[in-house]
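As written, the chains take the letters A, B, C, D and E, and residue 1 is the first residue of each chain.
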Amino acid sequence: MNTGLNTLPDQPTGHHPAGRHPTGQQVRRLPVPADPARTLRRGSLAGAAVVLVVVHALAFEGTGFQPALLAEGAEGMARFIGDAFPPDLDWEEVLKPSLEATLVTLWIGLLGTTVSIPTALLLAVLAANTTTPNRLVYQAARAVLSFFRAVPDIVFALIFVTAVGLGPFAGVLALICHNTGVMGKLWAESMEEMDHGPQEALRTAGASRLQQVAHATLPMAIPQFVGLLLYRFDVNVRSSLVLGLVGAGGIGLLINQSIKSFQFDEMLTHIIVVLVLIIVVDQVSALIRRRLAV
Amino acid sequence: APTAAASATCPGGAIEFGIEPYEDPAKLEPAYRVLADALSQELDCPVNVQVVEDYAAEVLAMRNGKLHLGQFGPLGYVFASEEANAEPLVSFATAEGQLSSYTAGIWVPKDSDIRSVADLRDRDLALGGVGSTSGDVLPRYALREAGLPEADLNVNYAGGHPEALLALVNGTVDAAQINSQTLATATAAGTFDASQFRQVWESEPIPNDPITVAGDADPEFKRAVKEALLNLPPEAIAEVGAFLDVTPPGPLAEVAKDTYRPLFDLASTMGLTEEDL
Amino acid sequence: MTAARTSPDRVDTQPADTRPAAPADGPLLEVAGLTKRFSGRTVLDGVDFRVHAGELVAFLGANGSGKSTTLKCVMGLAEPDGGSITLAGADLGSLRGRSLVRARSQAAMVFQKIHLVPRRTALENVCAGGLARLGPARSLAPALFPRDLKEEAMAALDRVGMADRALERVGRLSGGQQQRVAVARALCQRARVVLADEPVSALDPHAAEQVMGLLGELAHNENLAVAAVLHQPDLALRHADRAIGLLNGRIIFNGPVGGLTTDLQDTLYSPDRGDAS
Amino acid sequence: MNTGLNTLPDQPTGHHPAGRHPTGQQVRRLPVPADPARTLRRGSLAGAAVVLVVVHALAFEGTGFQPALLAEGAEGMARFIGDAFPPDLDWEEVLKPSLEATLVTLWIGLLGTTVSIPTALLLAVLAANTTTPNRLVYQAARAVLSFFRAVPDIVFALIFVTAVGLGPFAGVLALICHNTGVMGKLWAESMEEMDHGPQEALRTAGASRLQQVAHATLPMAIPQFVGLLLYRFDVNVRSSLVLGLVGAGGIGLLINQSIKSFQFDEMLTHIIVVLVLIIVVDQVSALIRRRLAV
Amino acid sequence: MTAARTSPDRVDTQPADTRPAAPADGPLLEVAGLTKRFSGRTVLDGVDFRVHAGELVAFLGANGSGKSTTLKCVMGLAEPDGGSITLAGADLGSLRGRSLVRARSQAAMVFQKIHLVPRRTALENVCAGGLARLGPARSLAPALFPRDLKEEAMAALDRVGMADRALERVGRLSGGQQQRVAVARALCQRARVVLADEPVSALDPHAAEQVMGLLGELAHNENLAVAAVLHQPDLALRHADRAIGLLNGRIIFNGPVGGLTTDLQDTLYSPDRGDAS
């Protein structure tokens, strides 16, 4: 079948306007072979498409999805947004409390992220099929991660409030639990999708699993890991809305208060502060990730 | 249904009814569902009940004509009235025709040295959720009345009435707000033993949640809804009463903006609304 | 300055009316004074060379002497620190944006690291070489590729002996098979200049002869300018018209392959070559 | 400096117990050269460590972080958790409503994820430095993504409630906006961290940016993209807090209500239902990702 | 069955008291009846061969003939469908878990795709080859590696001519430099069997000679069993003791390199070799 270097007779291609080489030579052609798996693949694609369409139809139905409503209600939205402008930039009453609350939020987000690194890392290594010691541990680690993700923040917060009282600490603990679940899962998957070559190379060299992870998987995964870590930091900083609800304070509480008293211009100020914070975190994150690239 | 066509008493072919069972969802929500069914019968128009956890969404929906009827907590109603021009129609009443009400309170452990609101200086106080009448605004009003600035004690939101109660039960705060409804629920659930605690402050009775209609609705619709609510069949009332522990239950009682006047005053005193409104 | 060898059969296959627009005798690729540093280490130091239509030039040099870096600078994959590059008459340094892209697509590159998409089939990967000729409408998914392009890609795969694996995913092919698919992709680009970075290093001897023969044919029969990095001087001797020898980022030889004496090879690959840096 | 094949005189290694080859030969050694950048690197590492420590100290201080409290309060937590056991599995009162609410939640999560794919994809391509047309577009796309992430779900939900009224639809719209921001960012970063080789190869072949993305970047990124998409589906299914605020219903509302009425055994049932859902989503996700691997 | 060639200097450097424990005359690697299919396509079909201590065996064969797959099966990177593999006396099929890992670490592999960690320095990558000898405490980060190991790694780098780039990140090295670092890593593993998949394909001729010379030295002076996949029969002729020729997943030649006749090479690399599958 490998027919070596073929010098095919030129085929008649005069009817193709693009059928000439830049050097003026006619272009060789060869028929495309039939793909035996094609009908099978097309069939399964069509099947998947049908399932997707049906599921979406059900979902549109179940949620009363009617984009037309959006257009109709545009005026109301404009009014809401109009209410928020201009933002209330009063220093004493709005901006200063906003900045102070943002600092608390930042601390909560930081601890919620960094304190969960060890547990998340451990669970991630156990729950990635390229690094796990065996199927049993793998399934157990996955189950633990799922559990941490299934329990809502607010329930964790309640549990911890009973132990440590109201305040930011309970919120931090709730975030740590939740973040362990999410970050562990994201890390595990990013390890599974990486190039396994270096890890396999160390495995064949007799390195223990721990050594493989330390000297191949982790160094290869560092940029993704840091990217995801910074993403979670960002999320955790914003999940102070939930924390505000359990007395952790932070900017979420202020946003909540301004909504409850219909002071949308204050709300906008708080959102702008969060936006600035997020942009700063983003830039720092981009910087760190650039420095980590080889 | 063939009757679902739009008419004065059936705007848009279905009535949107929003409820915010802020104080005690386990009881209020089923009560409102029974009520909505009865209303649907009376007006011959489907009623969609939407349960929300935040009055802000309800108010905004009503303001833009997306919500015809709304039940609000007392403070939520103040905002609904000011932002969406909501008009109160009825509220629940006892068999004697007395408008039902509840009270806010601040509780401390039985052997605490806190005797009054003023003693809360430098202590931990757990409030409920932001914007709650009995869980936020009234206790803070009490602090203000006692001349105690909020900066002089450690006030924390627990996230809701039950959360505040739990914080007290678990001993992680010195005092917590507990309203009369939460007290009843928690006592019934066995979570709270009133003999172990002491109430150091209680508010004036707060009238129960009103059912309101959007201000810019057709007057005929307003009238029809009010009539239907006031003339609910006794079976429906009985069912509602069972949920609310009001036995024997009375028919719904008419309320007006004035019924809630103290709450308007409270909101403006506490700086939640502009004075001039 | 004309091609080092003029193959007689070129005349047969090339109608006179379609001669390329570039100056008939000028080089298709001209690099002058190319300099490149990586964090202080000078990797290319004033590299000058030309490749004419109709010739196959071999780049020889020790590991790390700068061969890949030279080709990458031509393709715009590394930013030169100095020097000029002229491709098919266009000075790349003076062009920007879309016109730079168009000028550069006159050159096709076969990468040392192959750079195919493992998830796609060999045929799809080869078709991707011809994307520049397609409008946006037909180029967004492999299923939309016009039949012409697919047939052309099949012919290209056939020329490198991979027609029978056309529908297999590239990730499942052996290393040498992948390298041949990469050559086919470059063919499908219909470029006038072909740059190949170690195109035969993973190939078995027969396949290597075949691919080198193909590169020679491209140069001599189809009048392209072809430059290939090789690590086997005997392949250069058999197939190339001219050789360029790089030592520590400088060209130390540029002439007919006959000049690749043992002495020269000793210099090029001498063990103490690293002492300049 | 490249000294070619060296046959060094064996060095005295008798004092190393492991200093012999399995074949019994003595092991060659050579001193490690001094690293000129080492002091610099050590210095910057130390600097980074100091910054981290200081920031964490501030954060511990700012949030009242006292792990000892946890141990002290263990009893309270145990009691809370004890209250929840056994879960209340009453079919009519608890389990059936829970399953129904979960279905709504599932639809909301599905639409919140899938409907945002086109916008997220577009923004991701514009906001990844390997695929963006130019710096200006890059910065603009990043800003849009940051904006979508900075505005809390609840604020989006309120905006949409004014237009479309209470109910799941407003919640879906809020999730779509938020998810666009998050997924766009995650996808952009995963594209930046990928092997750019195939994309560069197409670029040199004169392929347009769109073609490079369609034929190199996306096919290379598919497994990561699908992984992140499924992760977001999972998050969206769980982000029912915001949905409860606008009357979208769903399992989050039931969890909140069971907390409000102190029925922790009901709460546990709902959480178990969520856990089962999440495990199912996880398994499906793992299956899909396995099928996508080459 | 003994090594095809016995180099006299081996005797000098090898103290008699430390001879390996494996049967003095048995092969270090024995593969029998190895079969491997990929989705229906038979890639290896009953492959049998042995490699003894002290010999360098060259694997030759066309692209896709199954050379890499054979080595991967030995290293446990592909699951054989049939056959047995015996490494340094241990039947790998009968082992599990930690003991399988230990048995396999008797063999070191140099990969066709190199498989180094680009972010780490050359020295750190080479040290990683010796991880199996370290306890967990000293092996968790490169900074903890004992000095011995680093010095040994430096010597390994020096043997492949890369000592002067030891502290550079591998991702910054040229393709050929990376391949040499990969060989050094295998050296640092101190294995008794070395398998190399195209260890010289990206190397310049001098470096290729150097690395092949090194592999020969490992076999002849240090008494290892070395197998290398090569695409250049003349390198095999110059350096190897024995050659194994694969065609379509079957061994068609196994004997002293002298037997690599032109005819045989024509068969191995014949263009119509693909028609069996």
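Just so we're on the same page, a contact is a pair of C-beta atoms (placed from the backbone, for glycine too) under 8 Å apart; a residue touches a chain by one contact, two chains touch by 3 or more.
Note that this is a predicted model, so its numbers are computed, not measured.
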{"item": "Labels of chains that are neighbours to chain A and to chain B", "value": "D"}
{"item": "Angle, in degrees to the nearest 5, of the Cα rotation that carries chain A onto chain D", "value": "180"}
{"item": "Geometric centre distance via CA averages, chain D-chain A, whole Å", "value": "4"}
{"item": "Rounded Å distance, chain B centre to chain E centre (Cα mean)", "value": "78"}
{"item": "Where chain B and chain D are represented by their mean Cα positions, the distance between them in whole Å", "value": "39"}
{"item": "Residues of chain C touching at least two other chains", "value": "113, 161, 164, 172, 191, 210, 271, 274"}
{"item": "Two or more partner chains touched - positions in chain D", "value": "1-4, 73, 76, 79-80, 154, 158, 162-165, 167, 256, 259"}
{"item": "Junction residues of chain B, two or more chains touched", "value": "54, 56, 60, 63-64, 66, 160, 163, 166, 170, 172"}
{"item": "Touching pairs - complete list by chain label", "value": "A-B, A-C, A-D, A-E, B-D, C-D, C-E, D-E"}
{"item": "Parts of chain A lying in touch with chain D, wherever the complex brings them together", "value": "55-56, 58-60, 62-66, 69-70, 72-74, 76-77, 79-81, 103-104, 106-108, 110-111, 114, 142-143, 146-147, 149-155, 158-160, 162-165, 167-169, 171-173, 182, 185-186, 189-190, 192-193, 223-224, 227, 231, 234-235, 238, 241-242, 248, 252, 255-256, 259, 267, 271, 274-275, 277-279, 282, 289"}
{"item": "Chain A residues touching chain E - in the complex, by the definition given at the top", "value": "1-4, 197-198, 200-208, 210-211, 214-216, 219-220, 222, 294"}
{"item": "Complex contact set, residues of chain A against chain C", "value": "1-8, 10, 13, 16, 18-33, 35, 37"}
{"item": "Chain B - residues contacting chain D, complex", "value": "16, 18, 21, 24-27, 29, 48, 50-54, 56-58, 60-61, 63-64, 66-67, 160-163, 166, 170-172, 185-186, 189, 191"}
{"item": "Interfacial residue positions of chain C with respect to chain A in the complex", "value": "13-15, 17-20, 53, 106, 123, 133, 147-148, 150-152, 154-159, 161-164, 166-167, 190-192, 210, 213-214, 217, 222-224"}
